[in-house]
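Comments concern the structure below.
Just so it is clear, A, B and C label the chains in written order, and each chain counts residues from 1 on its own.
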Amino acid sequence: MSSNRRILPGFRLSLGVAITYLSVMLVVPLVVCLMEVSKLTPAQFLNAVWTERTRSAYYVTLTTSFYAAVIDVVLGLLLAWVLVRYEFPFKRFFDSLVDLPFALPTAVAGLVYSSLYVANGWYGRILVPMGIKVDNTNLGIVVVLVFIGLPFVVRTLQPVLESMDADVEEAAASMGANRSQIFWRVLLPPLAPAMWTGFSLTFARALGEFGSVIFIAANKQYESEIVPVLIVSRIDEPALTEATAVAMVMLLMSFCLLMAINYLEWRSARYAH
Amino acid sequence: MHTSRAVGHKPGTTGHGSHTEPAWVRWLLISCAIAVISILVIIPVVNVFYQALANGFDTYRHQLLDDAETRHAIWLTLTVVPVAVVLNTIFGVAVAWAVTRFQFPGRTILIAFIDLPFAISPVVVGLMIMLMFGRLGIWGPTLEHWGIKIVFAYPGLVLATTFVTLPFVARELIPVMEALGADEETAAVSLGANGWQMFWRITLPNIRLGLLYGVILCNARAMGEFGAVRVVSGGISGETDTMPLRVEKLFQEYELPESFAVASVLTLLALVTLIAKTLLEHQTQQQLARADDEQAET
Amino acid sequence: MSISIEHVSKHFGKFQALTDINLEVGSGELVALLGPSGSGKTTLLRIIAGLETANAGVVRYQDLDMTHSRPQERQIGFVFQHYALFRHMTVFENVAFGMRIRKTPNVEVAKRVKELLHLVRLEGLEKRYPAQLSGGQRQRVALARALGVQPRVLLLDEPFGALDAKVRAELRQWLRQLHDQMHVTTIFVTHDQEEAFEVADKVVVMQGGKIEQLGTPQEVFDHPANAFVMDFLGNVNVFHGRMQSGKVHLPGFEMAYPEYDHDVAQTATAYVRPHEVDLDRVAPNGAAMQVKVLQVHPAGSVAKVRVQSEEFGMALNIELSLDRYSELRPKQGEFLFASPRKVRVFKPADDYVI
């Protein structure tokens, strides 16, 4: 193929620009990261990434992200279902608003969520007297992460729901299946891969989230410090090398998730179209 | 990783005419959905403006414009963001052209690389820049020797913002260009057009909606970028604070009304982005639907 | 302008698309590249246009070697299979595109677009967008656009493939007329033999990346060069027999075949077109076989009759003219005599070496 002249112009230019840009912006920084970590002996590395403080941070980050992702899958299924299958007034308006968490700066989300849930805030006024404290707690982290991740599940599920033909349900109904049987046996299985994708996307996004969380969390070491906050505080010390070691652990988690997502998208492609 | 694509879902084309769910189930679910959107999205947005405007519009204006540091933050955001958007737009068009119009070894890897910034926490992006250009970084001391400041200065902010928003334009363009196909461009070449003529007269007019959408999205994310920018800014008020950083600083200083005033500007931007997105999506779908019709007929 | 293709070969990875193609197209000729899909006809057309590069061989325009020149330099008009109209431009701008690229003054552009739209009978549609046109109209816009660059060669890839039968028939005749007016060297690709025969001066039948036959429609139809061409050009009845010492022995009859005068017997295959078989109630002089009428289907311009020879266990398709049909009135189950008027025998292609 290499002897084949390309008919459309701009192959070298566009590929050159793309590769140069990606090298400068992505490859070089990642290599620099690796170089920084390689300064550490294995023992030092372990010392940096496996202390009581980091373990607590991993725990807080993973649990809050996991809960947020689970909640988003449930809420996302509800929203996607309603937005695809039903007609109601202002549907397009509500549909558009689902994307707001993509567009709203995370700092704003953190700010407003924190002030909604304080004792005299609009939500806090109701919740705090009931003994539910959200602001300055790990529950607050979950709540804000639910907001950040909301669009992922909805936007992953919508196209799959749309591509499902009504005749499948009708076929199932004609064979005597009742509503709940149709839902659990006919509708949900094709949605499962998309739900997993949505879950992973939300989870991955939540793992790295920083801006909104620092507003609403107490950010206390050993209790409510998430990994990004830990990294920032180590950068400020400055303990760059140790911060990089922790960052590498996070990167590794994210890459695994990214690969899982790609695999899931490839699988769910079987159902959409 | 972000799944809202110009060609993604089509509102209004549900094709589910026969709902067999009983009406009460339907309305229960619709009510729940509206409640979720209201609690998670609508009320917080209303709250931003409520808090920003709580003391009247004049106070609001003063809070925004009388504070020199807030003014500077707005100015800084307005100067950092366009650079990032322009850089990522050039990259986005180039990479989309390369991967949708040519087959070459490593093409799939290249596409996967575009998504990479989505998997990296913004905080880690900031860290990377510190490692390269910080005082303790690899090239930091040399640059300092020459009197070039990157970290805790404008270039660092641009770098951080550009990195975090790198995929947006490319991500929007690739599916659009894939769907359009190379036929028209080949025709232009057969009619004697050179590369630039083909690009300006055929490619650009065809991808303009997707491109605009990508730019708007990239712009919104660039304006709101927080984590990476915070790490490399050093938090010098009146110098390296962008608008989102200003929101945090005012919040830390218990200047809540002022904080909400700045936040309201950013929220307004997010809402404008959503409106533009909705309008563009509608148009893009019509355009693609037309393209599909032509394909179907031929 | 004449075009010559010399020893052109092309492969895509392991797939050999064209093998050592040689072809001369005279100036002003209208040539059809005819073949089934995968025969390499489109690849050949794209190589002539410069939209594909040959791995070996030379493409000449007149005497100029154009093998390595870019499509932009060739001054060709190419009509794409799916038209590839610029969807964001009006009909006018589509047709004007090539002229604008060449910096033609506005006044002249307007004049020439008007002429071209008159030529393709699309006056009054200048301001429409491609999406607002019918398939046949788009086709003609594509053609006008290709002609707009005053091409030295006009190349069309399956120009009527995407249209319905009626529009297709109209456009065919119209293309022929257009060519007679303009006399631009024209090459078009088609898989429809009727289309090729009706429009072209010269037909190039291709298969498997090779040229099987080249000639006028009459020559190709009356004297197919081999079994493939015969088979591809329409329905045939196939007779399996053997040949020996200048004779072919077929079920029901035998005939002279001087091309093979060996004593060693060879399998032979004979082809008879449905309209070249006669049916009679009485046994005619010469070769004939008794057949039973299975089906009679008098529809369209001919009557189709399917018969079965019980002696040789083979079925034949026969087409009778409507006159002959109304004269004969064959009935289902009736026994008649079938006699081929014209039989073509082809030597087995590969295993026959002298």
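Rule of thumb we're sticking to: a contact is a pair of C-beta atoms (placed from the backbone, for glycine too) under 8 Å apart; a residue touches a chain by one contact, two chains touch by 3 or more.
Bear in mind the structure is a predicted one, so any value in this text is a computation, not a measurement.
J.: Taking the mean of each chain's Cα atoms, which chain ends up nearest the overall Cα mean?
T.: The chain sitting closest to the overall C-alpha centre is B.
J.: Select, from all pairs of chains, the pair with the highest number of C-beta pairs in contact.
T.: A-B
J.: Quick one: point me to the chain whose Cα centre is farthest from that of subunit C.
T.: Centre of mass proxy via C-alpha means gives A as farthest from subunit C.
J.: What is the distance in Å between the mean C-alpha positions of subunit A and subunit B?
T.: Chain centres of subunit A and subunit B, defined by C-alpha means, are spaced 16 Å apart.
J.: Can you give the whole-Å distance between the Cα centres of subunit B and subunit C?
T.: Subunit B and subunit C have C-alpha centres separated by 54 Å.
J.: Can you give the whole-Å distance between the Cα centres of subunit A and subunit C?
T.: 58
J.: Hunt down the residues of subunit A that sit against at least two other chains at once, touch-wise.
T.: 1, 7
J.: What positions in subunit B touch 2 or more of the other chains?
T.: 186, 189, 194
J.: Identify all positions of subunit C at which a residue touches two or more other chains, and write them in rising order.
T.: As it turns out, subunit C has residues touching two or more other chains at 51, 71.
J.: Touching residues of subunit B toward subunit A in the complex: what are they?
T.: 1-4, 8-21, 26, 29-30, 32-34, 36-37, 40-45, 47-48, 51, 87, 90-91, 93-95, 97-99, 101-104, 110, 112-132, 134, 136-138, 162-163, 166, 182, 185-186, 189, 194-195, 198-199, 217, 220-221, 223-227, 230-231, 243-245, 247-248, 251, 256, 259-260, 263, 266-267, 269-271, 273-275, 277-278
J.: Touching residues of subunit A toward subunit C in the complex: what are they?
T.: That would be residues 1, 3-5, 7 of subunit A.
J.: Give every residue of subunit A touching subunit B within the complex, in rising order.
T.: 1, 6-11, 13-15, 17-19, 21-22, 25-26, 28-30, 32-33, 35-36, 75, 78-79, 81-88, 91-92, 94-109, 111-116, 122-123, 146-147, 150-152, 155-156, 158-159, 162, 165-166, 169-170, 173, 179, 182, 198, 201, 204-205, 207-211, 214-215, 227-228, 231-232, 235, 238, 240, 243-244, 247, 250-251, 254-255, 257-258, 261-262
J.: Applying the document's contact rule, which stretches of subunit B touch subunit C when the two form their complex?
T.: Residues 183-184, 186-194, 197, 201-202, 205-206, 287, 290-291, 293-295, 297-298 of subunit B touch subunit C in their complex.
J.: What residues on subunit C touch subunit B, complex-wise?
T.: These residues of subunit C touch subunit B: 49, 51, 70-72, 75-78, 80-88, 97-98, 101-102, 130-131, 135, 138, 145-146, 148-149, 162.
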